[in-house]
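Please find the structures below.
Next come two complexes built around subunit A: one with subunit B, the other with subunit C.
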Partner chain A sequence: MKSYLSLFRIRMINGLQYRAVALGSIFTRFCWALMEILAFFAVHRSNGGSFGMTFSQTASYIWMQQTFILMYNVIDGDQEIEASVNDGSIAYELARPMNLYGNWFTQCLANRLSPTAINCLPALLLALLMPAPYRLSFPGIMTTALFLASTILALGVVGAIAVLMHITMFYTTSQRGVKIIGRAVTSFFAGGLLPLPYFPKAFGRIVRLLPFAATQSTPLLIYSGSLTGADAAFAMGLQVFWLAVLAALGYYAMSRTLNRVVVQGG
Partner chain B sequence: MIEFQNICKTYRVAKRQAGFTNAVKSLFSREYETIHALDDVSFRIADGDIIGYIGPNGAGKSTTVKVMCGILTPDSGTCLVNGKVPWKERASHVKDIGVVFGQRTQLWWDVPVIDSFELLRDMYKIDDKLYRKNLDELTRLLDLSELLKTPARNLSLGQRMRCEIAAPLLHDPKVIFLDEPTIGLDAVSKIAVRQFIKRINEEKGTTIVLTTHDMLDIEALTERILLIGHGKILLDGSLEELKQHTSTDKNITIKYTGAAPTISEGMKMKESKANQLTISLDPHILPVSAAIAGFASQTELLDVSVTDISTEEVVAALYKEYHI
Partner chain C sequence: MKFYVRLFSLNSKSQMQYKFSFFLSCLGQFITAFTSFFSIRFIFLQIDTVDEFTYGQVLLCFSVIMLSFSIGEAVGGGLASFPRMVNVGEFDRIMTRPRSLILQVIIPFFDFTRVGLLVQGAIVLALALPLSGVVWTASKIIGLVLMIVCGAVLFFCLFMFQAAFAFFTMNSLDFLNIFTYGARQFGRYPFSVYGKRILGFLTFCIPLALIQYYPLLFLVDESSHPAYMFLPCLSLIFIVPCWALFRFGIRRYKSAGS
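Here is the complex of A and B:
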């Protein structure tokens, strides 16, 4: 366990040192969120609020989503893992007394947590300072605590999906195709483009059960107040379920794959 | 103790001709070529030995090392390192070994070297006292004190390589695999690394498997050499034996003033410059003393040196002999 904590630590240190990246990302995310919120404002005004979410819930959803976007992102952020398979430095990882699944999973978590740790406070502050209907609203201590718990689970599910995706690199030399499909699927079905309550009813009911909803959708809907009580408990139960299933699947796939691994580049 | 028995490993490589049309064609059907990286390889290495593992590029050296490290699973054959099958008991096996891939880095690029070392300490669960002791010793021997606080990306290649070689020794491995540890280093760094490797072997009894293209590494370090080519072990013996096997010729270089001497039977001209002559001599036809006496009678000798043919030449001759 200590080795994983230590790996997590060094990955965090590694990620914490890029100030310009952090600033740039806060700025772009802020502009993006503002744009999205204005678009939703227009939609709500023309169609008197017959959606599954109110406008102010949607605004909170978007602010939190943009604040934690790097944490909920399945596809990007693990360049070192990709590079290690591509150029063969994976040889070193395999020569360590550590399970490669645990190693990668730990790195995936740290890669997402470290930029979020720098970005989230200033971004939240900006969102809280906005004028009334566009603002990020604070839902109370209990809901926030539930949101944090659900976010941790979401991070786990994101990591588990990311590792599964990285395992495909052992089979396909270039990961571009997998990434393009992965980006579309993980973002769309997780409510990354449109929150799930905006989906057509029947379709939305199915999408909520998929592992992708267990990533960003669940914590964001809990925070914005559109997922409460038994529904919230059920959604978090699904998060635990998917985390267990995906991690077990990844662990199995990894051990199968390593028997036929080829190290690139001599 | 390392035992390698009848190990085979093949790769399948997609091949295509150059050009756009062929690239498009290869989207639909591909031709594969099977490469026998290791073809029935067997050898045995005793504890505390230093082995030089040589062969031209693509001969199968790195594949052998990766099988011994448990990274690659061979197609067939058995291998035991310290009594364990590397690829089956990978996690417990790698605790007893250390490895340096000279062409890659194991240090975290953007953080100080010492952070990488501490991560290794936790990964290998090295006892704190042992870690301190080994770190102090390595710092002293490899002169690392200035380097430890520097991020790996800011180190020169020579500095980084010193850190790379220190890293796998922190956990006191029984066997260490060095895959081209002196690649790209300047003369001073090479000598420092060689001395260090020798010292670790003598003091700790660490078994060392060294693959390299630098014959001076081989000369300075190893008693026994394994030559591999086309995935097969071609020769196994000491450097002396290899030299005997190839040629017993001597190189004689003379400097002289006056008339240029002529060469006689048993000599072969290698190089002739103003007032300097290098020949190779077959001592079975003409003894060395007679050759020198012959030169002395023809001209005035200023300097004479007699050497065995160089290791480079031995290896080049071997590669040629085995068509590898």
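Here is the complex of A and C:
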């Protein structure tokens, strides 16, 4: 456990090195969120609001999504893991008396937390300062606490899916195609392009049960006030369920794979 | 010239080496574009118009941006790895060769997998052509072609613009992504829906609206003034500052490599 903790710390410190990059990405996220919100404003302006979400709920959703975007990102951010499989240095990792699944899972979590930590607060401050309908609204202590709990679960699910995807690297030599498809699928079904309440009703009900909805959709919908009461409890239950299933699956797949791994490179 | 053709075919061969991965990448591009299409479709299942623009007209917008982006990125997307080239000193090697600098950077990175995006753009365009309710006369077809072609050039310029900054910062400037990948994302609606100020910015600073919003007005008969049809050509002026920035960067380039 201690070794995982220090591994986590090393990754965090590593990510906090580049401040100028962080400043640039805060600005990018801010502009991106603003454009998204203006697009939804146009859509809501055009009809009375028969959508599954109100405009101000959507605005909060988008602000939080753009703030936490690196944390909810399933596909990108684990260059070291990819490089270690590609150049063969995975052999060293295997020689260490650490479980590789635990090792990768920890790295995946840290790789997402550290950039979020520097991007998060400044972008949130800007979002709170916006004029009324575009503002990020604060939903109260209870909802925020629920949001944080759900975010932690979401991060776990994201990490579990990411490790599963990294395991496929043992079978393919070029990862690009898998990543492009993965990026499209995980983002779309997690409400990355369009929040799930905007989906057609019947289709949306099915999508909500998928593991992708257990990533960013659940915490963001809880924060924006679109998901409350029993529905929120059910969605968080699903998060726990998917975290357990995906982690078990990943652990099993990893041990199966490592029995027959061929190390590339010298 | 022969040299560049050679370089080009070498690149295509190397990309085809991993056939399965190449196919998966194309498929991935296709699916990516498909998900953005659905995010429009789902909205229009519940409303009829966004700011008086109908579903077909928005699709027209979306497909034009998609097509010009995919052409522009297939050619210029490789420039995204230009900052890294400068950073590790690989650009020094290129400068020692007696060939065009920019072509040497572009050709090895020409991305054939963008075909997936292109196909999707073409499908949506085919869907949008009848749905948009536009009566396709000769002048309208010319307008549409100009939108796509000038758009492709503009997107290429934006990638070059972004790459040129690497001469000064030695690193990539992510915030300029908002004009490339962001424009693809937000260009699905006519730029006027984002408000007057943003439309103004996209007309006079980064002329993205010239290839999308104004010619669209001409296509849907909002404006019959034929000047609107040729506005995409005006956006080509953007080549000048991009090229100048790139030249200026090369002039004061200091090697960063070891």
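To be clear about the criterion, the second predicted complex is superposed on the first by the 266 of 266 C-alpha atoms of A that agree within 3 Å, B and C clash if a C-alpha of one lies under 4 Å from a C-alpha of the other, contacts with A are read in each partner's own complex, and residues count from 1 in each chain.
The rule is simple: contacts are C-beta pairs under 8 Å (C-beta built on N, C-alpha and C of every residue); 3 or more make two chains touch, one makes a residue touch a chain.
On a predicted model such as this, the values are computed, not experimentally measured, just so you know.
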In the superposition, subunit B vs subunit C on subunit A residues touched: C
First (subunit B), second (subunit C), both or neither touched by A:Val261: first
Contacts of A:Val43 with subunit B and subunit C, given as first, second, both or neither: second
Contacts of A:Tyr198 with subunit B and subunit C, given as first, second, both or neither: second
Interfacial residue positions of subunit A with respect to subunit B in the complex: 2-3, 5-7, 10, 13-14, 17, 87-89, 91-92, 94-99, 259-263, 265-266
Interface residues, subunit A side, partner subunit C - complex: 20-21, 24-25, 27-28, 31-32, 35-36, 38-39, 42-43, 45-47, 50-51, 172-181, 183-185, 187-188, 193-194, 198-200
Residues of subunit B defined as touching subunit A within the complex: 11, 57-58, 62, 66, 69-73, 87, 90-92, 94-95, 97, 99, 101, 103-106, 108, 110-111, 115-116, 118-119, 122-125
List of subunit C residues in touch with subunit A within their complex: 18, 20-29, 31-32, 34-36, 38-39, 42-43, 45-51, 113, 171, 173-175, 177-178, 182, 185-186, 189, 193-195, 198
